[in-house]
Amino acid sequence: MKRALGLGEIMIQMNPTEKGALRFQTLYERHVAGSEANTITQMQRLGIECSFLTAVGADEFGKVVLASLRSEGIDTSGVVIDEKNPTAVYFVQRGYPVPDKTMVFYYRKGSAASNFGPQHLKEEYFKGLDLFLVSGITPALSDSCKEASLKAVELAKKHSAKVAFDTNIRINLLKTKENAMKTLEPFIRKADILFTGMGDLAMLFESDFDRSRESLRKMAEQARLLVFKKGSGGIEAIVDGKRYSMPSYKVPVVDELGAGDACDGAFLASYLLGKPVEEALRYANVAGAITVSLKGDIEPLPDWKAMETFLASQEAGEKRLLR
Amino acid sequence: MKRALGLGEIMIQMNPTEKGALRFQTLYERHVAGSEANTITQMQRLGIECSFLTAVGADEFGKVVLASLRSEGIDTSGVVIDEKNPTAVYFVQRGYPVPDKTMVFYYRKGSAASNFGPQHLKEEYFKGLDLFLVSGITPALSDSCKEASLKAVELAKKHSAKVAFDTNIRINLLKTKENAMKTLEPFIRKADILFTGMGDLAMLFESDFDRSRESLRKMAEQARLLVFKKGSGGIEAIVDGKRYSMPSYKVPVVDELGAGDACDGAFLASYLLGKPVEEALRYANVAGAITVSLKGDIEPLPDWKAMETFLASQEAGEKRLLR
Amino acid sequence: MKRALGLGEIMIQMNPTEKGALRFQTLYERHVAGSEANTITQMQRLGIECSFLTAVGADEFGKVVLASLRSEGIDTSGVVIDEKNPTAVYFVQRGYPVPDKTMVFYYRKGSAASNFGPQHLKEEYFKGLDLFLVSGITPALSDSCKEASLKAVELAKKHSAKVAFDTNIRINLLKTKENAMKTLEPFIRKADILFTGMGDLAMLFESDFDRSRESLRKMAEQARLLVFKKGSGGIEAIVDGKRYSMPSYKVPVVDELGAGDACDGAFLASYLLGKPVEEALRYANVAGAITVSLKGDIEPLPDWKAMETFLASQEAGEKRLLR
Amino acid sequence: MKRALGLGEIMIQMNPTEKGALRFQTLYERHVAGSEANTITQMQRLGIECSFLTAVGADEFGKVVLASLRSEGIDTSGVVIDEKNPTAVYFVQRGYPVPDKTMVFYYRKGSAASNFGPQHLKEEYFKGLDLFLVSGITPALSDSCKEASLKAVELAKKHSAKVAFDTNIRINLLKTKENAMKTLEPFIRKADILFTGMGDLAMLFESDFDRSRESLRKMAEQARLLVFKKGSGGIEAIVDGKRYSMPSYKVPVVDELGAGDACDGAFLASYLLGKPVEEALRYANVAGAITVSLKGDIEPLPDWKAMETFLASQEAGEKRLLR
Amino acid sequence: MKRALGLGEIMIQMNPTEKGALRFQTLYERHVAGSEANTITQMQRLGIECSFLTAVGADEFGKVVLASLRSEGIDTSGVVIDEKNPTAVYFVQRGYPVPDKTMVFYYRKGSAASNFGPQHLKEEYFKGLDLFLVSGITPALSDSCKEASLKAVELAKKHSAKVAFDTNIRINLLKTKENAMKTLEPFIRKADILFTGMGDLAMLFESDFDRSRESLRKMAEQARLLVFKKGSGGIEAIVDGKRYSMPSYKVPVVDELGAGDACDGAFLASYLLGKPVEEALRYANVAGAITVSLKGDIEPLPDWKAMETFLASQEAGEKRLLR
Amino acid sequence: MKRALGLGEIMIQMNPTEKGALRFQTLYERHVAGSEANTITQMQRLGIECSFLTAVGADEFGKVVLASLRSEGIDTSGVVIDEKNPTAVYFVQRGYPVPDKTMVFYYRKGSAASNFGPQHLKEEYFKGLDLFLVSGITPALSDSCKEASLKAVELAKKHSAKVAFDTNIRINLLKTKENAMKTLEPFIRKADILFTGMGDLAMLFESDFDRSRESLRKMAEQARLLVFKKGSGGIEAIVDGKRYSMPSYKVPVVDELGAGDACDGAFLASYLLGKPVEEALRYANVAGAITVSLKGDIEPLPDWKAMETFLASQEAGEKRLLR
């Protein structure tokens, strides 16, 4: 069985039951989310044996995070329980002021996960590993997180695991373009597999897609695989210099949060299981489509059977109920 | 007043408040549904005097089923209260893994209704009756249900009531194509009015619509009226050999369950009240359109006034609020 | 700071959590709404210093109405607490029998607000005022409301405030076309700024838009500004005889109630703040678009920042999440 | 089978999901209630064949009322559909400002039911009837309701049905003590079976229970049966001059509304079925106890089996789960 | 670390959001429960390393059961996924007709777990085990479950694990007293630790507690530890012939389901960790008290810290808020 | 009219809809609360003209806080909008592990309010003021808050307003007993009216009530009025050296949060309005009793009419419904 390891912050997401300005929302559903954990959960559901590194508070929400990972069968032996700092929380505002767009309000400063550091990494986690995943969010959380991320990349390389990196820029953590580049560049340079999106590319380089893609390719000197997520514009990959692209599926957009992570996870699982690039891109698209069509980041992540059912329905345009 | 009688199972439907994989759904709404009962309720709302034959458990959910029929004014004097077996239950999964599609999980094996048998039929139910309705689900439930269905068809014929039959194939009850054909053929041969859909035709005969329609026509030797429900492709009828067809209305699809039953009910009520075929098809389309635009099978079924309001709105493209 | 004053009834709106025939709805959300109060709240959120005149019952729902106005910072010193008559209530039926259309059921006969009369008007409310707003609903409520509305128009004129009037015909209050014209004509003749919609124009004059617009222009002898709200057909204005028009934004329609009021409010606030007509129309369109995309009349009303975010998103077609 | 007929108003009850001042309640459950209908429903559940006389609006809430009666099997052929006036609505405030007490806010003025009159009574409703029930609420609604109530009493007497009357004073309808006495006296004088409570007795006569009971006995010249409901103080009856009394069961009080009606219904059903007075009082107590322990007026009303289960549990103090 | 293994059925529990007759309940919460799994989860939360044996359907509800166990860190490698039979479901009716009592309606006939059999047991599960737990429910489910339970007891004995057994009679599975005794006797005779309750003792032997306790002691020839759960009457143990007893804590009873299982789990964990009997009984009482004070079987199960907080609060009668 | 001013933090309270361990709670209601704001709101509802000083984030939750104050008519012109720091949030866990006890989890570090400082105080706020209120929470938030609190006390004294202080110890902010004393002593020494509770007294001095009360009296050298809140043990006051005490009302405890603040507010309003001490204590008790019987801190706070209704009900033991 293939093994993957992720590193990142997992937060409690408070999502109002209704769309609209948060100030009028009085009822909230509690979810759990975190970009790297979303991706790792997607991989675990697709048959990869995953483990995850993070820190959570010694509080009730920390228990929620652990239960979420464990309920999927993800190994949590590397999760740090921080007695001093809390598990982070964020609030989501959906559909206001722009219909179908989401805004988020974070309570993550000084969180347990942002106090995760290189001292929490044990070399044993990396032995026998096939893939290590981190995104641009983790090094942006704090200096200790950045150091831990860099050390983890080194340990992965040392043990011959591939390094997957998603640029995932959070501008309210990174503050400026310059800091974004400074923080992410070391990871872009070392990644074996690199994911990015249109907005991130524009932020790092320039708004012209062709030129910024080229700039990224040059910087990503070790990356054999580059994946460009273009939202409703589909998905594109460059593998050993060859370009592949695929349009996205047309589905009703309910909640765009987490779709990119689902994409990454389905692509990486397909890749680890040795599927051809075209197939990996198709499954990435399917996972993204299913995820945008439902609320929550983690709940919609499909297993293989769910993806095959989706594909069968798409391909046949078949209209019968399944009962 | 025209009189109609239906026979079939009525179940408790547990419908989660949110779309998505059932394993993440923690809150469920309880509804009541059953294909033949949906159709009969539609007819009752359109002014036909209806009664219904079924069995329910001597439990709380049996009382829900009875209350649902009685609240519409449907005569329930023929409903059997089964002291030993429970009222069936099923769970609905909406929008996962295919957006806008529904999957169902049944707890109906050994239910009260599947123990309904010919011994529960009294000839008096059929006296003065204008129409008897059953669908392919009922004979698929159990041997006793199949015998009861056949005996009911005979009693209806004996008392000069028209027999309406909807093929309504449930493959998880019938298991194979062969068994489906074996179970349904006697009803197709004896029906005076026959309803079917694209999926059912393909299952019984072949996937080419024109050829399977022809095969059905030949088998349905006593049917003066055949109605083909084609989902978003509209509705088609063959009456005394003449074809009529009508496109469907464009409405947002919220829950496709029950739309076909609404169609049947509005067509049959129109027919019993002597409306021309074109009108009956139009009302069938309207009832289906209103039903797919709302959750629940029974709740959306329109009365005449609701259908006229819908038609007025469609025809005028009128945009004003009604207040 | 510019000052505006509104007059009208504010009601408790009971809005079921689900779409469909009201008889099957068992759970309702309580909202607060009233056409003129919606418009005034929109203006207050856009920086106009507003006050409001109405009467509420000496009951819990009257306290809800007062709290709603006060929470926005609207001056309620002119609100009458009526010890004898209740605050009005209405029930909303959404999506049945016509998808995306709303029906309302009022319990407003003999309400506190319909007992508001000229004796409750103090001249001091009109001193230093820039704009007075009333709509066709208020004079339709009762004779005393009609007299109060007329007296308020006179007091506004006396103190050099502009009079804004929206025809806002409620046929279940006005009963006949003739009574509608008789009731509204004095206000149309005296308004400085006049708002109307397609349905109202057809009711007052004739269904041909060009001709009825011309008829209105002739009757509205003092109106320098006429605004025609055409729903999804956009918005049109005639200012000192010159025509301006603008298409509406394409957004998903969730609840059309209150959109016209948001339009009026954004237009009037823009006008009072001295923005050019084209800009006022654009903001009217934005406020309407945001309001139809969310439930509730008052909750979605945007402030300037929300409107700029909406416009930025529209203009750039920008797809990134804001986080 | 014994037959009973009731007359009264049935309203839509809007009951917030939480306790507290109504102004802070934003979510409401819709129930159906009406004193006489509660009592009649209790009787129907206990095997009496019941019918009901009332008027409802030609609106969605009128359909709710009809469905509620019909779902129980109660004959609604005498219910008037009023095209002009609405079904009444009321709002409930629970637990504020007094814990465990309930306040109500009515929207019933000019309702369909208050326009019910003697012209709606057909003599055929009273043929073969065993019992006619009305309470002090109905004559308090309007003059036409009072006339209809008196005429119904006469028709009942003419056809040898017993007349049951509950004083059920609603002071916000009757306004004064004097009017209460004037309105209720004719019914007290003619009743064969009379129900009253401590508060009503104090309002009609004086606060001393012994003396006011004596006053009532004198006035109730035709009453063979008088039942005094004393809340947590138990229940008392005088039958042909002989006194019986029974303490109430100790249960947690969740919602006291409807408990008195349940009492009346269980007593009357027991009486009609020929049970001895002691038993009738015990069942009245049980029905009241079950009803105060749950929300809603109609939902908790027990059938015989439920009452026997309650009694078994009370008598044995038995603690095991039933599974 | 001490290791424990449980065997039993885990079901989906549908629990209405409100108390009252199930027929009026329209909203349900989904929980997970099963007597032996409740006990094992309680032990896992108290630091015992647990695994569980059961079968679940290859359906969404089977995934819920697995996720529930895994989220606690319980080893599920012995759980069978049954492709043919469904995960069982049951519905709960709270507070009707007896306040504070619960009734249950099962849909468990032919479930996946009832098809669990001796062929699913691997000897390796029992190596190094300290305790094996089963209750009287499992052998009552089916012949194959009975055989599996007996074989598991033998395997436990072979590998020197203690056998804990709770009589846990489900009369609707066992049908008669005779069958109850016949089914449970082999387990009573072989148990090392035996739990029972008042109702079970009366069912197996006679209603007199002293005599039936004596009868049980004689039959339980290998049991060094017998625990008698007496509900609000406290808890009693006989250890090597010596009697210990302790009164229960006074807490508000919200949901009595699962309290006995919590008791068992806290007692067993204390025992495995070497605590004295008095302490084990105290913690059993605490776990039971916390569990009856909250809804759900699994959610309330306390960890050591929660139990210490409860005890501190009880002992000090301390009233301050913890913040 | 009497005028009062409060200073303190107002937070968003996320309160799960169900009791139990927070990790299992998935649905939360949003409330608003803050000790001093609760007290000030209670005073405003009792006819005192209040204003409030605090800082909120320039975020949606800051708007909620402002709307809450404004909806009561409280003057918010001194509220600072902080562009950099967020409005604080806290989560409530009710009934676990101790039934009827509440635990809270704060996200308030670095909040807007904890950045409030002396620079935000304008002397004009204190002119014409009758009473200034602050509690021990505010100086515990940060150094700047402590300085602002001290400066506000001085300004109040300068303008002859009474200073009311509630010790209100939050040990998770103050960390140690020593720091608690050091932080609160200056306020205790300067207060004119002093409120405290049993837990606070024990923390500051010693657990013996009589001795610690005496210690407090000595330290509170300027306090003419000392109020001791003893929870279910009632309330006690020392006024100019004379002791008054009153037992508490017996009501069901639903949510103890905010009851002490309600007490303070009702006492202070009574005092400002010149009522005798006994009356002030009685109203303090009533306000506390109503507040513990309902969820939320602010919602239950009674006005005079509500308190009179409560008292009437208590005094008469009157049992009739109010309708």
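Chains: A, B, C, D, E and F, in written order; residue numbering restarts at 1 for each.
Everything that follows uses one rule, which is that a contact is a pair of C-beta atoms (placed from the backbone, for glycine too) under 8 Å apart; a residue touches a chain by one contact, two chains touch by 3 or more.
This one's a predicted model, so the numbers in the text were calculated from it and none came from an experiment.
Colleague: Taking contact as defined at the start, I'd like the list of chains shared as neighbours by subunit E and subunit F.
Modeller: Touching subunit E and subunit F alike, sorted by label: A, D.
Colleague: Which neighbours do subunit D and subunit F have in common?
Modeller: The shared contacts of subunit D and subunit F, listed by label, come to C, E.
Colleague: Do the two copies subunit B and subunit C share over half of their interface residue numbers, or under half; same or different?
Modeller: Mostly different residues: under half of the interface numbers shared.
Colleague: Which chain maximises the distance between its CA centroid and that of subunit D?
Modeller: Farthest chain from subunit D, going by C-alpha centroids: A.
Colleague: From the options E-F, A-E or B-E, choose the one that repeats interface D-E, i.e. more than half of its residue-numbered contact pairs are shared.
Modeller: Same contacts by residue number as D-E, out of E-F, A-E or B-E: E-F.
Colleague: In whole angstrom, how far does the Cα centroid of subunit A sit from the Cα centroid of subunit D?
Modeller: 62
Colleague: Centroid from C-alpha atoms only, then distance subunit A to subunit B, rounded to Å. What do you get?
Modeller: Those two chain centres are 45 Å apart.
Colleague: Counting only Cα atoms for the centres, state how far subunit C is from subunit F in Å.
Modeller: 40
Colleague: Enumerate the residues of subunit A that touch no fewer than two other chains.
Modeller: In subunit A, the residues touching two or more other chains are 21, 26, 67.
Colleague: Which chain pairs here would you call touching?
Modeller: Listed in label order, the chain pairs in contact are A-B, A-C, A-E, A-F, B-C, B-D, B-E, C-D, C-F, D-E, D-F, E-F.
Colleague: What part of subunit E is in contact with subunit D in the complex they form?
Modeller: 18-21, 24, 95-104, 106, 170-172, 197-199, 231-232, 256-257
Colleague: Which residues, counting only subunit B, touch subunit D once they are in their complex?
Modeller: Counting only subunit B, the residues touching subunit D are 66-68, 70-73.
Colleague: What part of subunit A is in contact with subunit B in the complex they form?
Modeller: Interface residues on the subunit A side: 251-252, 254, 289-290, 293-296, 299-300, 302, 306-307, 309-310, 313, 319-323.
Colleague: Can you name the residues of subunit D that touch subunit C in the complex?
Modeller: Those residues of subunit D that touch subunit C are 14, 17, 21-23, 25-30, 59-61, 63-64, 67, 86, 89, 91, 93, 105, 107, 109-110.
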